[in-house]
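Common to both upcoming complexes is subunit A, partnered first by subunit B, then by subunit C.
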Partner chain A sequence: MQNSRKSEKSKGVVVFAFNTSVDYVAIADNTSKLIERNLKLPITLITDHDAEPQFEYDQVIRVDVASGNIKLDVSYQQVEWKNFGRYLAYELSPYDSTVLLDVDYLVLDDSLLKLIDLNKDYAFHYYSSSSNGDLYSSMGPYSLPFIWATVIVFNKSDKTKMLFDLVKRIQDNYDYYCKLYNIRERNFRNDYAFAIANIILNGYHIDPGHNIPWKMFTITDKVDRLIVDSKNIRAYFTNKKPILMPQQNIHVMDKAYLQSTQFKDFVTDVTG
Partner chain B sequence: MSQDKTGQGFLTFAINLGEVDYLRLAYLQALNVKATQTDAKYAVVTNVCPIDIPDKYKAVFDHINHIRYDPESKWQSAFDAEAYALYFTPFKETIKLEADLLFTRSIDHWWTAFRLRDVCLSYDAKNYMGINRTIKKYREFFDANNLPNVYNGLMYFRYSRPAKEFFDAARYISNKWEYVKTGLKNCIEDSPSTDVLYALSALMLGEETVTMPSMDFINFVHMKSGFNGWSDQVSWIDTVMNEQDGDVIRINNLNQYSPVHYHDKNYATDELIEYYEQRVLARV
Partner chain C sequence: MNAEDIVKQIKQATDYQINRSILREKIQTDLHFAYNGGLFKADPAQYTFVMMWQGDADALFLEDTYGNPIKINQKEFLDLSTEHYQKVMNRWHQEHAELKKIRKI
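Our next item is the complex of A and B:
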C-alpha cells in the first residue's frame, strides 16, 4: 500500500550552456524541446549573464563561469570550451532528483525516467559505443577508465554532495590530479573529474553500482542529417555510409550540425 | 616425512642462488602475514645458514627449515625443493606462497573454502583493476598443451594422502623431465617451472581435484607489467603510483583487496619493511 503521507520528490532536468564560438544556448533551446517532449519534466538552464535563451525554461540561473579551456572539435579544430563549474549543479539544481545533461545529448525516449525511479545517489554512463564500436574510455595508457559526464542522474544526498564537492576540489587542483592519475590530456574534462571523484568516493574502487546499465550511443562523425522514422533513427554522415538504429537517446559531438537548420527541422519533426 | 605437524600456517621458500635476497622478501612477507592475518604462523624453508639469519628475522619466523644447496646436493634449481613442500611444512594445513606476494586484508575465510580440497592451486590471476585475466604471451605453453591456468604463487595443501600423491607426481615429472618434455608441444624449458610442474601434476591427478575455478577469489593480483596492459620493458613501479593505506596496498589509485604478487623485487624497499615492522609492533 502506498504511503499517502510521503511527499512527492521534485524532478527536473538541468542543462549547462555557455556560448563560445559555438552557440550552446541555441543548441540547448532546441534539445530542450526534445527533453520536454520525451521526459515531460521541467528544465532549468544554467548559463551566463549575456545569454538570451528562447525556450521557456522552468528557471534560468545565471552564473559567472571561468574561461580558458580548449578542446578539439570533430574537425580537429581547437575551440574554446567553457566547461568549468559543472560541480555547481548540485547546489543550483532546484530539484530533489535531477537529470543533468550536456546540450549535445538528444533525448529521444523516456529511459532516463526509469533511472530516476531507481533512486540511486547518482549514476552516469561508464561505457559508450558508436557506429565504429565501443569508444575509448581511458584517461591515458597508464590511467583508469573515465565516465561520461554527458548524463548524470542524481538525487540530493550526503554522498552525492560529496561527489560534487570532490569534483570542485579536482577542478581546483587539476594539475595535481593529472599527475596522480597519469592523465595524458591537460585540458580540463568533466568526464575525468567525475571519474576520479567516483573512484575516491567509493573507497578507491571502480564501483559498478553507479553505472547506467546501458551504453550511451555517441555519434562521433560529422552529421548531415538525422531522421526519425518508424521508431528508428537514420543518421546520414558527411564522410561515411548512413546508419540505421532503433530510436534511442544519442550523444552528438558535431556542434556544427546541432546549430544547423537541418537539426532544427529534425527537432520540429520529432516534437511535432 | 615428519609426522610432527600441527595447526595451520603459511610457508614460503627462500632459496638464495643469485642476486635476489629471497630471505629478505620472506621477512617482509612474514611481517605482512602477521600484520594482516589472525594469529598466523609463518614458516620459511631457506638455504641461508642459520647463523647468517638476522635476529629480527628469527623473531618473526615461527619456523625456519634449513636445507643445503651446494653442488653435491640433489637440488639444482631454486624450484627443486618446492616439490618437497609437504615434507618441509610444519603445519597440518599449509598455504604456500611465493616470497614476493603480500596480503592486503585477512583471508581467514579462505581456509574454509580450501578445506573442500586436499590440494588447491590458485587459478587464473587478476590485474590491478581486479579483473581475472589470462595473458596469452605468458601462457602460450599452457595453451598449446591444454594445461590448467594454475599459479603456484598461492596454493593450499593439507597433510594427507592425496597431497602426497600430488607432490609425488610433481617430483616424478621433475625427475623425468627429459622424457616428459618429449610429449609436450613447444617445450623449450630445460627444467620445468613450478607453475608447469603443478599444472602437469593437476592434469595427471584430475584438474578438478586440485582447483576450484568457481571460487574466483582464490587468486592474486599479478603485477607483471604486461599482465596489466603495460610494456614489459618498464616496471610497474615506474609506471604507476603505489602507496600503503593501513593494510591496503593502493596501486594506480585503486585499493587492492586480493593478495598482491608484486613481482618486481625492487618493490621490497627498506621503507616498506619498516612500515610493516611498525604495524606488527603496533599489534603486539
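Our next item is the complex of A and C:
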C-alpha cells in the first residue's frame, strides 16, 4: 500500500502492538489519537495477523513475532511480553524520518517535532524522571547505563541501519550479551539491546550525541485516573498523593489503567 | 466544612515540591528550539553573546546542544531565541504562581 501522504522527505510515527493478556492494540488505538492530535503525523501500526485495530492508521503492517518473554507489571505479577522484533522498525517503517513509540507513551505535547527535522541518525532518552525522582538507568550493579527505547527518533541512514542490525544480533544472542555486559535481568529488554548496540556502534563509548536532551517523564505507580484541564493534568494514584503537572508527554507503566474506561475518557477529554 | 469534606480535600491535595520539580523539567524541555538543522536551548548567556557580536552578521557560528557548529543569522537567531525564551519563561512564571496559589503543604 502506498503512503498517500508521502512528501519529499516523509515523516511519520511507528508503533508496535502485539496482544498478550494485555490488549496492546486497544491501547495503541487510544494513544494514537493523542499522537495524531499533537504531532499531526501519519501513524503506522506494526502488529500480528490476529489484531483488529480500530484507529484509522496510515498503514497496518502485520508480521509474525516470537513470544516467550515475560516481565513483572506494576503489581509485580508475571505477564507475557511480546517485545521481540523491534529491530524490524528500520525496514518496515514507511517513512524517511520516524518517531518509533511504545504504546504506553502518551504524546501530550509537540516536543518530539523539534527532533525530527534535525537529520540526526537516531536519538533516544538516556534519562527519565518520575514523581519519585530520577529513575535508575543501569543494566546491573556492575554494568553500563541503559537507554529508554520508549521513544526512538531516527532517520534512515547507514549508521541507523547498523544500529537496528546490531539490535537484531543482540536479540538473537541475548544470553551472551547478558554475560558480557553483566546484565541483571535475563528477560529480553529493548532498552538494554538498544543501549548495547549504541555503545558498540560508537566505539564502545556512551556518545551523548544520541541523547534526547531532556528527560522522559514516567509514571511508575498504579494510576487511578488522569484528569485534564486547559493547561494541566492531575494524576491520581492508588497508594500515594496525586500530582499536578503541565500537559507533557508521559510514559505510563500501568497497563491496567491504559486498558480502562477511565483512560478512554481521558483521551476523549484531551482530543475533544 | 465537615469531616468528610476535609478528608476529601486532603486526599486531593498535591505535593507542591513535586509539582514544582515536574514543572521545572517540562520547562527545560520547552526551552529547546530547532534552528537551521541544530537544536538549541534558549538561555540569556547565549543570546547576550549573539546580541553583542560585532563581526560579520552572516558569519556567526554557534555550538548547538549536540556539539555541532551551526551557522546562524544574527538578527534572525536573536529574534527567535529571545521570543522563545520570553514565551517559555513567562509561562513558567505563570504556572509556578498558580502552583503556589493551590499549595497545600
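As a working rule, the second predicted complex is superposed on the first by the 265 of 272 C-alpha atoms of A that agree within 3 Å, B and C clash if a C-alpha of one lies under 4 Å from a C-alpha of the other, contacts with A are read in each partner's own complex, and residues count from 1 in each chain.
Here is the rule we go by: contacts are C-beta pairs under 8 Å (C-beta built on N, C-alpha and C of every residue); 3 or more make two chains touch, one makes a residue touch a chain.
Note that the coordinates shown come from a computational prediction; the quantities given were computed from them, not determined experimentally.
Trainee: So if we stack both complexes on subunit A, do subunit B and subunit C clash, or do they fit?
Mentor: Fit.
Trainee: State whether A:Arg184 touches subunit B only (first), subunit C only (second), both chains, or neither.
Mentor: A:Arg184: touches no partner chain.
Trainee: Tell me the contact category for A:Asn119 with respect to subunit B and subunit C: first, second, both or neither.
Mentor: second
Trainee: Give the angle at the C-alpha centre of subunit A formed by the C-alpha centres of subunit B and subunit C in the superposed arrangement, rounded to the nearest 10 degrees.
Mentor: 70
Trainee: Look at the residues of subunit A and decide whether subunit B or subunit C touches more of them.
Mentor: C
Trainee: What is the contact status of A:Ile206 with respect to subunit B (first) and subunit C (second): first, second, both, or neither?
Mentor: first
Trainee: Could you look at A:Lys40 and tell me whether it touches subunit B, subunit C, both or neither (first, second, both, neither)?
Mentor: Once the two structures are laid over each other on A, A:Lys40 reaches no partner at all.
Trainee: Give one of first, second, both or neither to describe whether A:Trp214 is in contact with subunit B, with subunit C, with both, or with none.
Mentor: After superposing on A, A:Trp214 lies in contact with subunit C but is clear of subunit B.
Trainee: With the two complexes superposed on chain A, say which partner A:Arg62 touches: subunit B (first), subunit C (second), both, or neither.
Mentor: Neither: A:Arg62 stays clear of subunit B and subunit C.
Trainee: Quick check on the superposed pair: does A:Leu144 touch subunit B, subunit C, both, or neither? Answer first, second, both or neither.
Mentor: first
Trainee: When the two complexes are placed on top of each other via chain A, what is the minimal CA separation of subunit B and subunit C in Å?
Mentor: Minimum C-alpha separation, subunit B to subunit C: 18 Å.
Trainee: Taking the touch rule as given, give the residues of subunit A at its contact with subunit B in the complex, in rising order.
Mentor: 141-144, 180-182, 196, 199-200, 203-206
Trainee: Can you check the complex and tell me which residues of subunit A touch subunit C?
Mentor: Subunit A reaches subunit C through residues 111, 114-115, 117-120, 129, 131, 208-209, 213-215, 217, 231-232, 234, 241-246, 248.
Trainee: Considering the complex alone, what residue numbers of subunit C touch subunit A?
Mentor: 11-15, 18-19, 22-23, 25-26, 28-30, 32-34, 37-39, 41, 65-67, 95, 99, 102
Trainee: If you look only at subunit B, which of its residues touch subunit A in the complex?
Mentor: Residues of subunit B touching subunit A: 129-130, 230, 239-241, 245, 250, 252-255.
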